[in-house]
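What follows are several structures.
Below, subunit A partners subunit B and then partners subunit C, in two separate complexes.
Let's look at the complex of A and B:
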C-alpha cells in the first residue's frame, strides 16, 4: 500500500501541477511572478496554426509508422514461422538487432545515411538509376516527415515481430492441423485462422507503440529538430520548444493538458474495442 | 520454389535490419574523408582506430558521459524496481476497492505526455536544488519508467500460484517476508527483465537529460551526442559513428540478455490484468 501511495504521488502530482500551470501566465524569463489568467492559454491554442499542424504531424507520424511497422512485423513473423531450432533462434536474434540500438544513435545513423552528398542512400539510388540527382530527404519539407517515419519503422518492426511470432507459436496445433486436413489454401489459413488468433496481440502491442510514439522526442529532435520549417514538428517537439526554448511554461502546460485529454479519449475507445473482442 | 522465395525474403529482411548497423560500425573505422565520399566504400580502405582514440582523448569527456549514463540508468532501474515490486504485489494480491481502476489506470498513466511531466519536474527539481545533478536525472527517469514497470511486474507476479504463498503464511511468514523470500525469488527472471526494460528506456531518453542537465560534463551519452553534433562532430561522421557504436554496445548486451522473457513481460500484464 505505501508503494501505491508513492506511485500515485509520482504520477498524480505532475498532472495536477500541469493543470494548475496551464491557467497561469508563467514565463521563467519574466521577472514578474506568475499570475492567474484563466483560460487565456487555451484560447490562444485554438488560434495557433503551429499547434494544429503539430497535432496533424503527430497523428501522421504515430499512426503511419505504427501501422506499417505492425505489417512488417507480421510479415516477418509469418515468414519465419516454419523455421525451427538454431536457425530460427539466430535469424530471430538478427532481426531483433534494431530494437537494441538507442534512439539517438538510430537518428544520427539515418541522418548520416540520408545525407544529400556522401549519404549512402543517395549513392545507392543513384547507382541503381532510381534517381537522377541527389535527393534532399530530411531537408525537403515534403520528404522530411516520411523519412523520419521510415527511420521509426526500422526501430519498431522488431517489437511487433517478436510479439507476433510468440503469439503465432502459441496457436493450438490442432487448429492448424484440422485446417491443413481440410486443404485450406495458404492465404485463407493466414486470414481466417491465424490472424483472428493474433488480433488481441496486435491490438495491445499497437496500443503500447502508439503511446510511446506519441511521446517520441529523441528520434525527431536528433534528426531534424522539428524542421525544415515546422515540417516535422510534432506536439512533443513544439512543447519542448515552448517550455525550454521560450520558457513559456504556462502555454506549454495548456497544450500538455489538451494532449492528455485527447490521449485519454483515444485510449478508452481503444480499450473498449479490445474488450468487446 | 516456395522455399527459395522464402529464403530470398528472409535475406531481404536481414539486410534491412542489419545494413544500417553494419554501416555505423564500418564508418566508425574510416577516416573523415572516406566517411562521406560520394562513391561510398563498403569496407574501409585504410581501417583506422583514430575515431575511437579521438573519443578517449578528444575535447569532450566521453568517458564521464559513459559513466554518467551507466550510473544514472542503473540507479533508475534499481530504484524503480524497489518501488514497483511491492506496488505490483499489492495490485496483484490485494483485495481493496480501488484495485481494478488502479490496474487499468496504470496503462493510462503511461500515456502521460512526457512533457506534461517535464514542466512540473523541472520546477520541482529547481526548488529541491536537484537541477543539473545526476540524482535529479534519476528522479526524472524513475517517474517516467515506474508506471510501466509496475504493469510489467504485475503480469509476472500474477503467474505465481497463490497456494505457495498460503503455505508460507501457514509457516508463520509475515507479509513482507512472503514478498521478499517467496515471491521475489520466483519472479526473479521477470524482475530482471523489467529492470532491463527500465534501463533501456532511460538509456534511450533524450528529453530529460537535455532539459534537466545544464553542465556538459554531467551529460549522458545520448544528450552528449546530440550536443556535440553542433560542435566536435559537425563534419566528422567517422567520430560520430564511433560515439554511436560505443553508445549502442551496452544496450545491445542488456537487450539480448533478457530478450527471451521480454515477450511475457510486455504482454503478460495485459493478458492477466484485463
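Let's look at the complex of A and C:
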C-alpha cells in the first residue's frame, strides 16, 4: 500500500497534471491565469505540420538507430563470443567504452568531429579523396538526421553487444555441441540455433532502447538543437521548444499526452507480441 | 520607576532600527557575466568594488548561462522565487516585463531622468511610459571587414561594401582570390538572438515576417531576403548553422573577410592577438550593414540591461548596485569598456579619460556611423515563438533545396498556429 501511494504520487500526479494542463490555455508569459479550452490543443496538434514531421523524425531516429545498433551489437557479440584470454577480454571491455561515456560528451565529441572545417571526419575523407569539398554533416537538411543517428548507434551498440554476449554465453553447450556433431554450417548455427535463444533478449532490449530513444533529448539538442530547419526536430525537442522557449505549457502538454499514449500503445503491442511468440 | 520604564521602552523601540541600520543586506544577482570566463573576473571585481563602497550590502552572484537565463527567470518569477536583480538582453527583457514582475525604474532615476541616456540605449526599454530596465552596456552590431583580405583580393580596403550588390561582388572577388578564407559570418542558428541578429538584414530588404497582417512571411521582400541568404550559402560565402561567436576565432586568425558582430569583437581580437588599438585599426574596419533594396542600413544593439524584480525587499540597495554597474565611472571604465568592450549608455562620458578612450577610428565608426542605424526588433510575447519558425525557415533556405515559396508558407503556417 505505501508503495502504491508513492507510485501514485511520483508517477500518477505528473501524468494527471500534464493531462490537465493539456486542456488549458497556459502560457507563463500571460499575466492572465490559465483557462480551460477543452480539446483545442489537440485539434491544433492535428493540423500542426511540425508535430507530424517531429513524429516522423522520432520514428526514423528511434527505429533506425535501434535496428542498426542491434545488428551491430549482435554481429560483434557473435564475432567475439569464442575469443578467450586476457587480450580478447580487454578488446571486449574496450567495445563497451562508448556506452560508458556520458551522452552529452558523446554528442559534443561527434559535433566537433562533424565540423565542416576542422572536423576529423571531413579531414580524413578529404585526405582519402572520398570527397572533394567539406561536407556539412550537421548543417545539411538531408544529412543532419543520419549524422545524429550515427552518433546514437555508436553509443547504443555496446549495450546490445553486452546483453547479447551474456545471452550467447548462456546457450546450453550441449545444444552447440550436438549442432557441431551434426556438422551444421556457421550460418545455420547462427540462424537456427543461436538467434532463437537470443530472441527474448533482443526483444526486451529493443523495447527498452525504443523507449529510451523516443525520449532522447541530450544528443540531439547538443548536436543540432533540432535543426537545420526541423530536420532533426523530434517530439522531445519540439516539446522542449514549446514549453521552455515559447512557455506554451498547454500545447506542449497536449503533445506530451499524445506521445505518452503512443509509447504505451507501442509497448503493450510489443509485449503482447513477445508473449504470443 | 515610570521614567525607567519609558527609558527601557525607548531603548527597546530603537533596538530594531539600530539592528536594521547595521545588518548587512544580501542581494541576489542573476547574471551570465559571472558564467563566462571572459567577463567573470570583471564582474567579480565590480562586485568587490561595490561591496567595498557599500559595506552593508552583499551581492550574491547567481551565474546562469546566457542561453538559459530567460527560461530560468520566467520559471522563477512564476514560482515566486525571483532574484533581486538580473542581467537581461533583447527580447528576454521584454518577456520578463510581460510577467509584470519587473520594477519600473523611473522613480529611482535622478533629476535628469532618462535624458542622461542616449536614445539608442533606451531603445525598447521604455514601455507604457515606464523604464523597465536600466541600460548597462551598449553594443551595436556592424559589418567588420578585414582590410588585409580585401587587399589580397584586389579590393580597396578604404571602400567597404555599402550595398548588398557591392558586398556580393566583394565576396565573389575574395572567393576567387583567397579561397581558403570564410566569406561572411552571419548567425543562422535557431535562437531568439539569431532572429534579432537577422532582423536588420530582413529590414534592409523591407521584410517583416511577423507583421500583424498575417502575411509577413509570404511576401516579395521575404522572398528576396531568403533567396539572398540561400545564394550566400550556395556560393560558399556563408557557413550555415554557426553562432555569431563561432566566427570570432576565425576573425582573430584573419580567416574571415566579413563578419557581422558587435563592438566586443574588438576585445576578442585584441586579447587573442595581443595587439594595440592602432594595430587593430590597421587590419580591421567597421561599417554599417550594407543597404538592400530599401536603400537603408539597419542594425541592432546586442548590449545588456539590468532589471530589478518587484518582489525584492531591498529595491533601493538593488538600484544602488545596478546604477553603480551601469553609470559610475568605475563601472564604465573597469567593466563596460574593459571586459564587455562595449559603449556606455550615457550621453556624456563621466570623465575626460573615458571620453579620450573612445577616440579610436574603430570606436568612432561605431559611434558616428553605426549607432545612427540602430533600429528595434518588434520584441514581445510573439517574437520568441516567431523566431523558432522564421529561423527554421532561414535554416531551410541556407541548408536545403526546398523552394523558397514553400519555406515562406511553412514559416507563416508555423507562426499562425500560435
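The definition used in the following text is that the second predicted complex is superposed on the first by the 272 of 277 C-alpha atoms of A that agree within 3 Å, B and C clash if a C-alpha of one lies under 4 Å from a C-alpha of the other, contacts with A are read in each partner's own complex, and residues count from 1 in each chain.
Convention: contacts are C-beta pairs under 8 Å (C-beta built on N, C-alpha and C of every residue); 3 or more make two chains touch, one makes a residue touch a chain.
This structure is a prediction, so every number in the text was calculated from the model and none was measured.
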### Query
Which holds for A:244: it touches subunit B only (first), subunit C only (second), both, or neither?
both
### Message
By the touch definition at the top of the document, which applies to A:227: first (subunit B), second (subunit C), both, or neither?
### Response
second
### Task
For A:113, select first, second, both or neither according to whether it touches subunit B, subunit C, the two together, or no partner.
first
#### Entry: Touching partner for A:141 - first (subunit B), second (subunit C), both, neither
second
### Query
Should A:184 be classified as contacting the first partner (subunit B), the second (subunit C), both, or neither?
neither
## Note on the structure
Chosen between subunit B and subunit C, the partner touching more subunit A residues is B
### Task
Mind working out whether A:15 is in touch with subunit B, subunit C, both or neither, as first, second, both or neither?
first
### Query
When the two structures are overlaid on chain A, which partner does A:100 contact: first (subunit B), second (subunit C), both, or neither?
first
### Task
Scan A:49 for contacts with subunit B and subunit C and give back first, second, both or neither.
second
### Query
So, A:171: does it touch subunit B (first), subunit C (second), both, or neither?
neither
### Message
I'd like to check the shared interface: which positions of subunit A are touched by both subunit B and subunit C across the two complexes?
### Response
117, 244
### Query
Which of the residues in subunit C end up touching subunit A in this complex?
71, 74-75, 78, 95, 98-100, 182, 189-190, 192, 239-241, 381, 384-385, 388, 392-393, 395-396, 398-402, 410, 413-414, 417-418
### In the complex, subunit A residues that touch subunit B
1-4, 6-7, 10-11, 13-15, 17-18, 21, 76, 79-80, 91, 93-106, 108-110, 112-113, 115, 117-120, 123, 154, 157-158, 162-163, 166, 200-201, 204-205, 207-208, 211, 214-215, 217-218, 221-222, 235-236, 239-240, 243-244, 249, 252-253, 256-257, 259-260, 263-264, 267, 271, 274-275
### Message
List the residues on subunit B that touch subunit A in their complex, please.
### Response
6, 9-10, 13-14, 16-18, 20-21, 23-24, 27, 35-40, 83-87, 90-91, 94, 96, 102, 104, 107-123, 142-143, 146-147, 150, 200, 203-207, 210-211, 221-223, 225-226, 229, 237, 240-241, 244, 247-248, 251-252, 254-256, 259, 262-263, 266-267, 270-271, 274
### Touching residues (chain side subunit A, partner subunit C) in the complex
27-31, 44, 47-50, 116-117, 136, 138-142, 144, 224-231, 241, 244-248
